[in-house]
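First comes the structure, then the notes that go with it.
Going in written order, the chains are labelled A, B and C, and every chain counts its residues from 1.
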């Protein structure tokens, strides 16, 4: 029932695709353009996620895993690539940070909170979450190192280090795919209603292609409006990147995670949220470093001090909470509170 | 038996109430005044704690929880308010840090050490301690953020951030009350001898009122002596705040925690020590920020670098040790060693 | 079979003892001297370890424990003492850091990786590893504190603090010996083939004496070549200390840990790797501080920023991975990846 309403809402939001295009053509107010492009991306990301999921079920674990790796955070990747092209390095890095802490704290927190209401506790496979937690801790160390040495290294050395760390993160990500798709596949087995295909293969492929193209278009509009919007609203590009862009790129996915938690399927819910964080840190971030390097205008992995602390704190606390394989509403509230504190700082930083 | 002796010692210390007042009236040496006020506070805090406990047993969980929240760390709060009024912001913040690490490391350490002697291991409810640990980790993040951004923000922004974080910490504290008093009450059920009322209600109320008033008086004497004492002994206000004031305010409570551990009631013992840390971080600290703000001379939450590291280290290591729900004397010794290292630094800092 | 080959390889490497001596006498190229001294130390350290183990089995737990404490990391200690004498403080501290992270990340990682191939999972006693983890966390805090305050303290105060922290670390180490040799001996019981003596006592003593003397000689050659080697290869002394010296001093031990993991004896394997880290942090480091102080040229415990972060990250992540008493190849790969990232930074730092 909730699912039905949810799909219907997504459908209605599709109207913002033509609206945003008209706005762009009319050179409308940049805030209206930003908002309409954002609202258009939400359902597109949702349908892309759905199509990826449906296709994955029908092509076997191996290709399914690759599909998920490619399209799982495709919206974020596309937005980031346009921001990269526009030279908005701070926004790109901020959206990476925001994606990681948003998934680990806000989404996991909401899932545990709403799922935990009226329940004594919810349980999940702590082993699978442990793999994700350690991956994120590893990525956090990789992401803080360039920042740590940036003041004693020259720019080229930091660049070299960023590339080296990106390579190590990518290799580790590939290892985790081998783990989840081959050697320890059974830990990730999907069972029950959610695992049966609901769309025919052709529909899934078509939706995947269509959404990819339109998301690319909308992302260009969105990124083009970041600077004027930040100026007219008095928000920093950092805040827009960390909080706004990160939430838009994942909105549909987020709703799914929370709905799954309310249905007491915590494994699926945490899998979405934590898996998404892991993918951003170990796949998207390194890929962006390599792309920017190929383009000849390399983006380093030097995050600012505050982003570093936010990611480390998120990793440690999310690990504390998920280590025992149980959650309750208070743990959810704690994660949300942590996110709120971080959002407050990002809002105030100029 | 141990309990009897313990009450007797507390009773004897009451003699320092008149002694300290006479000292003040005679303008006696400030060290003697400081010591006698401190010795007077110890039994007062003890009887206030006892009265709070007795009253809580007889008024139902809801009001009992509020009573505990209000009077549980009332001594520290009263001392801090007088120090705040005297403008001794560093002492106030140092006593907060000292209260948190003192409870988490020294008291928990002594409890695990003395309780663990001659025992293979002691067990406790790791779930309840997990709630406390996460609360503290959350508070630690909140408490370090203003320090982290203090050099890039102007004073007003840091002040705003401190108020925002205080509000979030208070809300989280209220959530934890709802958790322990309503939705997950059964986890905290008190069973056995310790849970039956031993004092009539009227006695408890009377003791509560009397001790509150006298503690307020003695705290004023104590705080007034901090500056001259620090000068004549060559100790910093930081050291007096972190180590001395923090220990005095909790001395009676601390003894109770250790005695309970020796009786192998680790749940009660850790509940006192960890619960007290949690209250300081999520209730006392935010309340002081709001009080100072209402007084027009706002105290920010900018702790110094070393306090920040001390709190983070305490949170992480205490969590490592308590995560498995078991303790032994070596774990106790480890926590004490950690406290000793921190005390050495606070002693040497000028 | 693997064991046989392994001993044979060690035996062959002994040929580098005369080679290195001839090189020194002929004033040969310093790189060749460095390499041959290093290759000579590997089998010597291996036989010293074997002799210590054999002797320990035959003298009872008490003296056996002391033997292990004394000779367990004797090679590292001897190398460090010569480096101390040569005034190479940075190399000494770097080899301590390198020894700690090398054991925790590279060796533990290789053990979990190679042991975990073709196995669903391997299990180990999480309680024993928990003691080691907490010890290391404690030591990490002790080792970062002087660095943290070095810029606000004068040199003498930092020196005093280093001595105080060294004393606390040593006391804690003694506590851990009491724990493992007396009060909780049964947790460390050795059972099976590996625990029966294979060498007569006299052989063990003779080998112990001979290797100690020759290692001392070779260490002097090795340390003497550090400076010219670092200059001619363009490597920093830091990198040589953290990565090269730390690996040489432990090469034989490391192989044993990995072989044990492949035989699915994870308790022994992790015991070697984690126990070695613990000994370096709580025994070797403090002893070096005291020795340098007695020599009148005190070495402080001020590690550089990057060493501090490396040790903390290693402690936290190794703890995450070993907390559940289970390992698999992916966890091994994660630890190796972490080590690779750190080695990259140490390689780039000038």
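Everything below uses one rule, namely that a contact is a pair of C-beta atoms (placed from the backbone, for glycine too) under 8 Å apart; a residue touches a chain by one contact, two chains touch by 3 or more.
Nothing here was measured: the structure is a model prediction, and the numbers come from that model.
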Superposing rotation of chain B relative to chain C, computed on C-alpha atoms, to nearest 5°: 120
Regarding the chain A and chain C pair, does the interface count as same (over half of residue numbers shared) or different (under half shared)? different
Chain centre separation in whole Å, for chain C relative to chain A (CA means): 40
Name the residues of chain A that each touch 2 or more other chains. 316, 323
Touching residues of chain C toward chain B in the complex: what are they? 126-127, 130-131, 133-135, 137-138, 141-142, 144-145, 148-149, 152-153, 157, 160-161, 164-165, 168-169, 171-172, 175-176, 179, 183-184, 316, 319, 323
Chain B partner, complex, touching residues on chain A are 120, 305-306, 309, 313, 316-317, 320-321, 323-324, 326, 328-331, 333-334, 337-338, 340-342, 344-345, 348-349
